[in-house]
Amino acid sequence: MSNAFFRNRWLPFWLASPQLLVMFLFFYLPVFLAFFWAFHLERPFGGGSQFVGWANFQRVLADQEFWAALRRTVVYMLLASGSSILVALILALAADRAVRLSPLARNLLIWPKAVAIASVGVIFLFIFNPFLGVLAPLNEVFPGIWNPRINPLHTWIMIYIANIWSAIPFTFIILLTGLQAIPETLHKAAAMDGAGPWRRLRDIQLPLLTPQLFVAVVLEVADSLSGSFGLIDTMTQGGPGGATNMLVYKIYVDGFKAYDLSGAATQTAMLMVVVAGITALQYLFLEKRVKYER
Amino acid sequence: MTKATRAAGISLAELTKSYDGADVIPELTAELVGGQFTVILGPSGCGKSTLLNMIAGLERVSGGTIRFGEREVQDLEPKHRGCAMVFQNYALYPHMSVFRNIAYSLKVAGLSKAEQRERVGRVAKMLGLTDLLDRRPGQLSGGQRQRVAIGRAIVREPSVLLFDEPLSNLDAQLRHDMRIELAELHRRIGATTVFVTHDQVEAMTLADRILVLNQGRIEQFDAPREIYHRPASVFVAQFIGAPPMNILSVTGNGTGLRVPGGPLLVRSPRRGDFRLGIRPEDITLSAGEPLPDGIPVTPVHREDLGSHNVVTVRLDGGAKLRVTMPFGSSLDENSDLFISLPRHRLHLFEPESGRAIRNAFEDQKARKEEYV
Amino acid sequence: MIENARSIDRTATVLLLLGSVFVLLPLAFVAITATQSYGDFLRNNFSLLPGTHFWDNVAAVWSLTDLPRQIMNSVIVAALVSGGKCFLAFTTAYAVVFFRTRYVPLVYAAVVASIMLPIELRVITVYQVASNLALPVNAAANTGGLWAVLFGAPLDLQLNALDSYAGIALPLMAQGAGTLILVQFFKTLPRDLARAATMDGAGPLRFMADVLLPLSKGPLLSLFIYFFIGGWVDYMWPLVAASSPEMQTAVVGLARLGPGMEEDIPNYPLEMTGAIMVTVIPLVLIALTQRRIVRGLALSEK
């Protein structure tokens, strides 16, 4: 069952070579360099590198702020992907029913995909502005009840809502496509077997949706991580008081503001290992369970 | 048959179904005898699946009543109707093992694990699925999947068993085997069975009675032989039989019926337009000397199907007829050909409605005795 | 559908309504704010009534900020990224699916592995590479001090791609999702296509150009639109790759708009007008081509 037919020796290589060159320059070389600099220090005043062993790691691991940022990052990846998948799943289940609003909603719910995560940050920062935004009237009645500039809890709520808003479309599309691929007759068969709508949701829809849920989890975990930069950079710059300083943002600040190439590279290397490890775990433990023949 | 009397009949009274103002089933009344095997036969789009879904409770009725025995069920949900269904594409749950597929309805009904095992085991044994219970549907062949689908339906011991074109996805040989198995199964469990198909062979071989449906209306609801030998309409006549019945538009002038511009086909005092039907196998074709009442024809085409030949001939005036000849009968196609149409095998239909005119020829009563 | 599901359908409708409102409300706030003058805004703060100053605000953004030029940059960068990704994905996917050569699965694995680590994770060292594309050449030539021995000094080529369209676009292309999607699509094509083309006397390249490319028009167009929007909304890499406002993309420009304004209370009407201007092109694209994009994406997880 394969389309593989041609047997040329070098032609496929030449065909793939532009892609491979781009991959080499901007993916594999940077990944290598991240690990290279994690074990080297830049010589001051330009000019080469110096091998320093695990010194960079010792420095980074001794930094309380690194651990705090790592913890925030992991918690954020879990909560942000979890919350956005849950919202998208509920909406996809609703849109899967042939109600009159469904076609319109299916179009509308994709719109946030067009808004850059950084623009989402700009927009929600304004909307949640304690004195000028939507909740300003509330603040006039109960002063200080809402202030994401000072209260980290409020800041996080603001970030999560912005993230959910931004993450709905992709997960929604994936899950809705999966739901619609479930044959109508399976619903009918289950109804004949005596299963009501909720029972069917539990016994038929959700189990058959696991492949799409898996894809959604893998992609959303990665997306929440990369998207966190756009939100943090535009909304909080890590504040208030460093409460929302996550690893991707911290690496950016360390690398581009503090010019600490080796420190930033060391943290990058560790983050890469964490992310690659999470992805590998997902594939090892989850993927096998969600595969079946339709 | 004690089991047959236990199974409730299905009465459909003034049943209607419309989608967005379009009538799929204008109004339908029928009495399905308990324990019998009823086949709903019709071309695609005739409303037969809609009818089945309404009996199952998968679609709401627009009007009318459905009764299982004395129970009015048209407003009940499927699970409260006590019927089970086998679907065209099996509709097995791909994420469950064969065991769990069959046991699912029992599990939903809250039966104990032990009881589930007991009943699934019994059904699996009956269908030869015992060794496959741990497999997933994806690992089964078409015939095996079909068996699982049947097992899932009968495990609940339903009083009404519904089939929605269950054999259409199988290859010819398997379809034949399953047909025999289904007939056997029906004898054993004796549930009131409704079987939807567009395949006349399935209908003829399986049914106690066939309900022929066309555009949501019942054309005829009768035993297979009646359907074949006494079709109630042109539609039924042409839908059943391979090749189908020949239908000629004829005119009566008081002495006989003839195709406009063609020879006399049959003597009859009737006047006006009619449609005359005769099955290909009822026509006698002969060469050389004309038979009494022989009608001269020209051969057009001949198909050799091994067991028999189908010869297409043309009457003067252009009308064509198909004639079946048994294997071995030879015909000198260069000599003059004649056909004769046995009076008692002719069918006469009204020109507009296509309804059959019963006993159209005085000596036709004999026909019924002949096949009974 | 089946049983009396009116209450469930009602729940579904309510949920969809809530979802739609949740998606639309922020956009509505943006639109309303963009119609108010700064003066109105200072007096009324947040308002639910649209004003009349939208075009004044647009004119102000147009003349006072770099956004017009930056929107142009976004069009160029997004088109480059998207066109590049489609081209790279097409030739690679063709090589992966239609050739029986032994190293091909390795190529595929190398490309698809890149999906795992988004550019936001590698930005530090991608920056280093982009600031001197000759880095690997230098490194190779100077291995063991060879070049220095031969020519007296270590090779030190400089090829800085930062602050250029190519420098912004190329690193964004290093992502294998397009290849993955096209590979899935090619696998759904009839098996005998390549055989038939060979019988007709077409070689592999001809087959690619005359058969595969026309067949892939639909998926490629979906991918192009999808990647175009993706390139438009990228933030972190364009932010670090372009240091001057003239080379920044619109999304970066918008995020940098706030601090540039001197008032105590930010001129939110102007900022929200900018947000609309930055978002309108991808938003219109997505609203109009929603079906196509969804269909294209659906290919990816078959």
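As written, the chains take the letters A, B and C, and residue 1 is the first residue of each chain.
Everything that follows uses one rule, which is that a residue touches a chain if its C-beta (ideal position, glycine included) is under 8 Å from a C-beta of that chain, and two chains touch if they have at least 3 such contacts.
These numbers come from a predicted model, not from an experiment.
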Request  = If you tally C-beta pairs in contact for every chain pair, which pair wins? Let me know.
outcome  = A-C
Chain of greatest Cα-centre distance to subunit C = B
Query = From the C-alpha centre of subunit A to that of subunit B, how far is it in Å?
reply = 58
Message = With centres defined as the mean C-alpha position, give me the subunit A-subunit C separation in Å.
response = 16
Request  = Could you tell me the distance, in whole angstrom, between the mean C-alpha positions of subunit B and subunit C?
outcome  = 59
Inquiry  = Please output the residue numbers of subunit C that touch at least 2 other chains, ranges allowed.
reply    = 2-3
Residue numbers of subunit A (touch at least two other chains) = 188, 191, 196
Remark   = Multi-chain contacts in subunit B, i.e. residues touching at least two other chains, fall at 57-58, 77-78
Ask   = subunit A touches which residues of subunit C in the complex?
value = 1-3, 5, 8-9, 11-13, 15-17, 19-20, 22-24, 26-27, 29-30, 33, 41, 45-46, 84, 87-89, 91-92, 94-101, 103-104, 107, 110-111, 114-130, 133, 135-136, 170-171, 173-174, 176, 179, 186-187, 189, 191, 193-195, 198, 204-205, 229, 232-236, 239-240, 251-252, 254-255, 257-258, 265, 268, 271-272, 275, 278-279, 282-283, 285-287, 290, 293-294, 297-298, 301
Ask   = Which residues of subunit B touch subunit A in their complex?
value = 53, 56-58, 77-79, 83-85, 87-89, 91-95, 104-105, 108-109, 136-139, 152-153
Query = Which of the residues in subunit A come into contact with subunit C in the complex?
reply = 1-9, 11-13, 15-16, 18-20, 22-31, 33-34, 37, 87, 90-91, 93-95, 97-102, 104-119, 121-124, 126-127, 129, 131-134, 136-137, 165, 168, 170, 173-174, 177-178, 184, 187-188, 191, 196-197, 211-212, 215, 222-223, 225-226, 229-230, 233-234, 248, 251-252, 255-256, 261, 264-265, 268, 271-272, 275-276, 279
Key: List of subunit A residues in touch with subunit B within their complex   = 183, 185-186, 188-196, 199, 203-204, 207-208, 210, 292-294
